[in-house]
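The two complexes that follow have chain A in common; it is paired with chain B in the first and with chain C in the second.
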Partner chain A sequence: MIRCDELTKYFNGTRALDGCSFEISEPTLTGVIGVNGAGKTTLFKSIAGFLKPTKGEVYILDEQAFQNIIAAQNVMLTEDGMSFYPTASLHELIGSYSRFYPNFDQSLAIKLTEYFRLEEKKKYNELSKGMKSTFRLILALSARAPITLLDEPTTGMDPGVRKELFELILKDYIKVPRIILISSHYLGEMEELLDSILFIHEGKVLKHDDVEEFQTFLTGVQGAPKLIESLEDKLQIYDCKDFGAGIRRIIVESKDLESLSLKEDVMNSLTFKGVSPEDAFVYLTKRKGGGIDELYHS
Partner chain B sequence: MKALKGSEPIYIQIGNWLENEILSGRVNPREKIYSQYKLSEIFGINPATALKGLNLLVDKGIVYKKRGLGMFVSHDALNILKKEHKNEVLTEQIRGLVAEAKLLDVSEEELIYMLKKEMRKAMQHQTKKGDDQQ
Partner chain C sequence: MNSIIHKDSQMSVAFEQFKDKLYHNSFAFFQLIALQALGYLFSFSSSMTGIGDQHFMLSIRHISPIPLFIMSVIWIVVQAFGFSGEKRREYYMVSNNFTAYFSDIAVLEIYAVIIGITMVFSGPMLQLLAGLSSGYPNLGTTYDSMTALHYLSLFITTTFYALLFGAGAYFLGILRSRYQSFLVIGSIAFILLLITWSLLGIRFIGPGFNIGTAGVKQFYVQETSIMLWLIKIIGSLGALYGLSWLAIKNLEVNR
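Here is the complex of A and B:
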């Protein structure tokens, strides 16, 4: 359904996407994660057919996405910078979206608008930041498009509403399974919703896998400094921290650790800890050299 | 919606939760077990993750699929579970207990005595509960 082939996009010589390749063909709730500027929004806009690739291709239902009406009717993108007709009320906006998207569920849109206490007579620009995000998400889900792209859907929302909207996304997905991609800074909060994660870094796909893989592929190993240091030469280290009091911790790949086949007495003197996908993301994108700690030591 | 906590992958937590539902008798052998979508709703998790949790039980023979009808608890689910929990969960906990006893200089006899005492308490509690019910 979505296929990116070496997708590359430059803006005035600045690289936003750099040979990004992946394929999604089954219904999924996939989290798209990456630091600011990694290329998430450019990727979404390319899939929606708003941007012409500098190099490479994006295919939606085997059609090239760029300025293609078939692609446009099958892809719903919602993002912060979306603009709506300034004089139209929310009610009128729901009406015009329902005419464009063939599967649009108008009664759902109206029910949700009421539930989240958005006044139908109001204009989009009269809403607060969080309410704008809520309304955009209502439109996006009600469109029931085979490919739904939610770019930072919960910007400006308070935690209570955010939680409710994540629940709404899940419920709607169970009702109508389809391809839903969500980018969000709140990976920890939405992790349970997802089945897969697409990890974008410097315009490329760094890792595209099941959530479980992200939950298990890094391990924290903690123990006496001497013992830990003896492991460090044999492993790729993602992070390393001295806690003092004879405790040092390193973050390594679980499969590397397994391949060492440590003896049982060594294993018993070490403590192992799982690394959450959110933390794994931080370790994987950490700049080379020291972290925040270093800044305070000089 | 129930909340899940812990560092273990969610599907493993789902598998453990389901096993406890069966062990504690809330879901009985030959009965239908929660569907992937029901679990997804109860815990607010992705349906694919819920299915992975269910499949852990299928692999052990605790749950089986009936085509078109869903998943059911197999008739010897309790035996399989008790055996497994005895082998893994209990052994694991006893290992921790022994290590702790060693740290505290508790002798073998003393530890066994403490165990017996707790066992007796649990039995009394159980009979008392049984009396209450009658």
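Here is the complex of A and C:
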């Protein structure tokens, strides 16, 4: 249902997306992960048909997405910059959305509005930042569009509400399976509800895989500094840290480590630790050459 | 159960948008009423004479619907600018450039018809107000001799003129949305083009060559044949709508 072929987008000479290619054809809950400015919002807007690719193409239901009415009817995008009629109450906005999205579940939208204590008579601009995010998410889930794009859906929310909303997304997805793409900085919190992760860095798709694959993608190897240093030449190192005089830890790709086929005595003198997808995300996006430490010690 | 895929036509989406825009912009009609009320005040050409603050006399010389029409035109221009400038919100609610454009134009047509209707009723209303406020019931006797055909032509002309102003404002608004800062450069280029055209016109046609606002006004207002007038107006509307479509066609939603 979603296919990106070498999708590239420039804004006034600045590259936002750089040859992104991926495909999602089955209902899945996919987390779109990347640092600020990685190109997540540009990707979402391109899928929604808002932006015209500079190069490459986005296909929704096998049709080019840009300004395509079929794509528009089957894609629901919510983001922070979304705007609404300023004079309309929440109740009126729910009414409007229900007329445009044929699958819209109005009773669910009203129930959720009541549950999250949003006054239906209020106008969108009168809501707090967190309440605005909640309302946008209510609209997005109630629309029940075959493709739902949630760009930073939990912006401004406190942890309690955030947890409830992630639970809500999962429950709604189980009830009506569809393609849901969520971009969020809280990978740790939403990790357990995701099927797959689309990892974007500097406008490129670095990795698109199942969550399980991300959970085992990197491994922490800890041991005596000399032994660890002997491995460093043979492996791609994502992070390296010394813990006192006798312990050094490196982060490496699990498959690279397996390919070394280390002897049993070496294996026994090392400690291996799994790396969570959230930490993997940090290591994979880490700047080359130094970091905050270097700023303070230079 | 999976989510159902829908493939409705552009026209059905555009019609839904048209209804939605009318509904969410219903407050605009109150703005029109307020502006027209102000227009009624200016429609009485009067003078006040008196000594000090005790004795004064209000005398109404004549009544004219022109200020009323000007207020209505201001209203439709503001609405058209609003439609062309605030485009983002509709795209989040199923839209593409065609449906957004089509529904905007349809709403502006309705607005122009409303202006036409209110202008038809402005004559009797002005007479009534003149009679009530100053005891001059015979003011505006021109309205007494108006036939149904006159009222029909008043309706058609005011509707089309309102549409023309609305379409012009919509076109400028779309240009502003699409090209933003380039609009300033474009405007300067357009002025330079006009100056060059004027210089060439004077050089080759003579000093009588005139492309000023007076010439434009003359082109649209002074016409004896109704058919020619209609061709001019509809042609101009078509050109403005066509240019607006060309400007909105590949507009991206990214602000």
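We adopt the following convention: the second predicted complex is superposed on the first by the 296 of 298 C-alpha atoms of A that agree within 3 Å, B and C clash if a C-alpha of one lies under 4 Å from a C-alpha of the other, contacts with A are read in each partner's own complex, and residues count from 1 in each chain.
Definition applied: contacts are C-beta pairs under 8 Å (C-beta built on N, C-alpha and C of every residue); 3 or more make two chains touch, one makes a residue touch a chain.
Just so you know, these numbers come straight off a predicted model, no measurement behind them.
When the two complexes are overlaid on their common chain A, residue A:254 makes contact with neither chain B nor chain C.
When both complexes are overlaid on chain A, the residue A:45 reaches chain C alone and has no touch with chain B.
Of the two partner chains placed by superposition, A:155 touches none, neither chain B nor chain C.
By the document's definition of touching, neither partner reaches A:54: not chain B, not chain C. Taking chain A as the reference, the larger set of touched residues comes from C, when chain B and chain C are compared. Residues 177 of chain A lie in contact with chain B in one complex and with chain C in the other. Against chain A, in their complex, chain B makes its touches with residues 1, 4, 7-11, 37, 40-41, 43-49, 52. Looking at the complex, you find that chain A touches chain B at residues 28-29, 166-167, 170-171, 173-174, 177, 192-195, 211-212, 215-216, 273-274, 276. Across the interface of their complex, chain C is touched by residues 11, 27, 45, 49-52, 61, 67-70, 72-74, 77-78, 81-85, 87-88, 92, 96-97, 99-103, 144-146, 176-178 of chain A.
Here chain C touches chain A in the complex through residues 1-10, 13, 16, 20, 23-24, 27, 86, 88-89, 91-99, 250, 252-255, going by the rule given at the top.
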